[in-house]
């Protein structure tokens, strides 16, 4: 494969991939009888052209950061955690219990407690698959898929039969009390004099997500645990040689992964909906897989990938609001973005290399 | 539970297992050749759509089936391009294919049929009809076996029998033919295949193509055999269950049959008993819904040992860097 | 010259990215001869042969077989041209049977059964003809490396190769196995087949080849008749300086008992008894060599001592019992007790191939105080430490930021050795320290081990290389079938006696 | 111009959202007017869509689904000059019209018909996702069936616990077969896209089915006994016709004001004898008059005739 300068690899290749994905998508818009340029500018403007758009983009991105980090941490230990969906859902249950049944004096304390609960619940939901993988060799991919379904049923039971306020149609908990409401990004920025649209769902959880990115970076590359889990992920016999306990490391890694997925709940449950509704994860657990893979399991990469997907979501919503382009177009765009920047990146790379490297050779 | 009930549950289990079995065997071919495929779901979905759409437009379920297989093959081609030719990440490619199918089916469905992404209901020759096996009627009187034959085995659509036939066929191809030997080898050690003078790329594309065909049949069965139209997202996670069954089956054809049948059986049981009154406690419906998944975990933990995937699985074959 | 050379390469060049692996190489090999190729690690030997076999494509150059120009775009073409190759790292499918591996790619017809039947017959014939007995129905993963190599040779013969390339074939063989290999090679030669033999062992070159080529840094530096050269001369051509071919060491001065093993038993996960109650001791300042054919329990012995496996019996280090089954029966606890371990398989166990060299120097010792700053690891300290080790152990290239996999085997081994020896352990466990390592590096590695001994440390050496055992050990114990067959002093024994003991004859029988 | 917001199921869900969509298109066709519309993809978009439409001047804004309750509660006050119409949920604000349906009454009627038609004294119910609203349907249906014949056995299944339960016709069909094997010869589907599988399988297996929300009789002429009509289309149509400044407040759409009912057309005319029609209409009249009270599952979250 051609050698590319690092800057080209990091910037040009993903960019060309994105351009390819969007070109194809716009072709599709055109084929369905709409104006591609209009659609594109509507999406970009809708997602990034105003603080209002950013308020939504960042909200979705926050979700994806958490689930992306969750998948990435497990990946580093060679564990494929497909259970983000269920862990995030159960994390939501933790948040709901903490917010509903304990009277908090102030959101800051509530946030700390909810963070702990979301993490703990998510971690516990990952514990059984982790234990089974470590002790019984039950494949983590199957067990985490199964636990997604089980989580959905459990939540359905809890919301339909237990936590739903009497007489409410909605399979959802009651609204959390006022002190457990998180300040939105708009409120916070306006308070320090930066104008930002109000009424958007991005909230203080974004800060937690950024902290989580930094935390994961340090965890993976700067702590002993991270060192050990990466070593375990690369070679299990070597890990045994080094005295790393496979059972322990599998369980700890999966619990951290589950906890990160669970943390998503402070964004969507506590920050946005302010109550727990059924199906609140909305596929973010699966998007997290794509985000982690595209971000090459690095927090910085995940941050960008999450932003990209967040922008796609919000841009797609604007498209849905102002045009009759079906909302499924956004799914297709997502698919193409994943395909060209994630799976066919080598194809894009060799295309870029043809343009960048050839002339240089001719010079030499 | 009387005998008839058991038979009815088995009958239902067989129907429910069929799409899983196709998909599971599809994954088996692909993964045995070293190409992981979490895009089974997407390929089934797009096949379901195109088979229903074509069957509706042409009135022929056979053409529909072919169209479904062709559509699934196109996605297989993309997966092959990404993971074989361009040595991309197989998981990412699979995820992309699932999204692609989920979006495209509705998008195309909307513009063709204006029915919200659904296809019109299929009738007559546009769908598969049940086939009564020979002597089903005559044998039904025979005690025990008779009803088993006539109730459970007989009366399914063509594709159910094809799926069942695919099991010994897969076994035979994998373990008794040259192609199968090479296919298994390329999933274990592609360098061995390469140095033996066989094209790794060619073999892997062949495997991915077979995977496409089988997923195509799975999708066609959903839309034109079990159902009678395409409904968006109608695969409802069956591709993932098939993947789980594949691991469960340790990448072996006969085990694949058992694993998928077990999934079908558990689902059939929970369909039959939406909530279960045990006398002292009534299990809520949500518990019964989750039961197949809970039991899977229990079985996995208790009875199935470690499953070792094909050694070269998931890794692109790179000989020079 | 009357006959055309069996193989003639003209001006072959090959680059992997920035690395020029082969530079304008030309070579002629006459039919019916054994041609040796030697060269340091990374000199480009394997690359050249892989090009001949169609595994890699040359950037430039021409290939002639029996005087005719051929193009070899892939291995299929090489096989058709009558070339067979036994790779340094075998290309076998581990969970296939021998028979299946042999027919892979050379099947007759679409169904397997006839192919298998024919191959079974042909294999029996080949086995009889060349003493290449293998169980055709055994799984590759269940047979030893010696057997696996036979399968590779059978593969080539089954395809009726006239030209056989062997890349470091004896790296993993016992002396007896190696001897047998050379008998086979000679027989093949007598039948008119042409053989190219890559090896690091000068003795093999001297004993087996007719002509020999020396490679250095991608270039062919010399081709000579074997009868007209000497090991010393070849070694100099190879390394570019004078090398010591014998280990230079003073007599041992054994001190206190450091390691005492009593009645150690090991049962593996399948329930097979791998070690059947052995006892021995190692004193400070001495090297105990354990000789034995691979698979007789020496790996398990190292693993138990290194904490990677449980066992029963008693093991004392510096007079204190080791935990063999419980909570402290792990590698980390062993290290805390002053045991360092250079494992037999550096790539699978000793190193994380995807980690940078500097990360690998902390492998197993990541809990060292010196590597921590508060909650975090002190990467700067680890890196500094690594750079020192790389310099002192002459790891090349001296770049701590390279991943372990981009070092050659010899340099990988130096990395492991530097990490373990510089811990200044009371007891050093060493498994196969020079497997597949070139002469220059072997010399260095041996010196380091002896130096540690001279510091008064105890060393347990496990090796299948009798030459290594004989030249490095102060005492030699022979292991066979999980039992110790007896002890010898190197001065009072020889390869022949040890070889017999390794085959299960007790000292008394000999 | 008016605007309409569809719930996550999408406007072509073959039942609830689609009925709303039909109402809006009928209005557009009759008046030549235009309306803005959006299908949601995420819960967070509810408030977003409401605000964006309100700011863009859409009036009235109609939303289909109980899940909008919270969002509308937040938003309504901020746009006092915009009228909102919410279906299936009550939101107490001066500029909101809340339309709720007595699905239990309609379901009671079709349950009654099912039991009267059944030869096996066994009727089935197949719901989509297991949520209270669907239990309300099931509960009304079971009461009607028991009222027609106390010996009737009522089978009930929910398709699942996730959103996929609305789009799984294959499972719908399989549930139908399971109920048939237990003797059911009339099944009532309240399950969105999953219901299509129910109706299809019922037709294939030669039993009768009952559609929901819209008139689904035409899907399998002669094989769909009837459909439980929930006139969401009328609610949407009326809202759009009333236009900005529409009368707000609490609207209950029941049998009395033809908000719910059963369908009778050429497709099922042969299935419903004059006798049956007369009996059912009499039952309907009694419900309207209050002589029969149909228990609403939502009132105390329990059902006298069915356990969940």
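Order of writing sets the labels: A, B, C and D. Residues in every chain begin at 1.
Everything that follows uses one rule, which is that a contact is a pair of C-beta atoms (placed from the backbone, for glycine too) under 8 Å apart; a residue touches a chain by one contact, two chains touch by 3 or more.
Molecules present, by chain and UniProt name: A, B = Nucleoside ABC transporter membrane protein; C = Nucleoside ABC transporter ATP-binding protein.
These numbers were taken from a predicted model, which means no experiment stands behind them.
Asks: Considering only mean CA positions as chain centres, point out the chain farthest from chain B.
Replies: Of all the other chains, the one whose centre lies farthest from chain B is C.
Asks: Any idea whether A-B or B-D has more C-beta pairs in contact?
Replies: A-B
Asks: Find the geometric centre of each of chain A and chain B from their Cα atoms only, then give the gap between the two centres in Å, rounded to an integer.
Replies: A distance of 29 Å separates the two centres.
Asks: Averaging over Cα atoms per chain, report the distance between chain C and chain D in Å.
Replies: Centres of chain C and chain D (C-alpha means) sit 75 Å apart.
Asks: Using CA atom averages as chain centres, what separation in Å is found between chain B and chain D?
Replies: 34
Asks: Could you give the separation in Å between the centres of chain B and chain C, each centre being the mean of its C-alpha atoms?
Replies: 46
Asks: At least two other chains touched by the same residue of chain A: list those residues.
Replies: 149, 152-153, 156, 160, 326, 330
Asks: Taking each residue of chain B in turn, which ones touch at least two of the other chains?
Replies: 117, 237, 284, 286, 289-290, 321
Asks: Tell me, which residues of chain D touch at least two other chains?
Replies: Expected reply: 10, 130, 161.
Asks: Which two-chain combinations touch?
Replies: Inter-chain contacts occur between A-B, A-C, A-D, B-C, B-D.
Asks: Taking the touch rule as given, give the residues of chain D at its contact with chain A in the complex, in rising order.
Replies: 10, 36-45, 47-49, 51-53, 66-67, 69-70, 88-89, 129-133, 161-163, 298-299, 301
Asks: In their complex, what parts of chain A are in touch with chain C?
Replies: Within the complex, chain A contacts chain C at residues 3, 218, 222-224, 227-228, 230-231, 234-235, 237-238, 240-245.
Asks: Note which residues of chain C are touching chain B in the complex, please.
Replies: Per the stated touch rule, the residues are 16-17, 53-56, 74-79, 85, 87, 91-96, 100-101, 103-107, 109-113, 115, 155.
Asks: In their complex, what parts of chain D are in touch with chain B?
Replies: That would be residues 10-14, 18, 130, 156-158, 160-161, 164, 167-171, 173-175, 177-178, 181-182, 193, 196-197, 200, 204, 219-220, 307-308 of chain D.
Asks: Which chain C residues qualify as touching chain A in the complex?
Replies: 17-18, 306-308, 330-335, 341, 343, 345, 348-355, 359, 362-364, 366-367, 372, 375-377, 379
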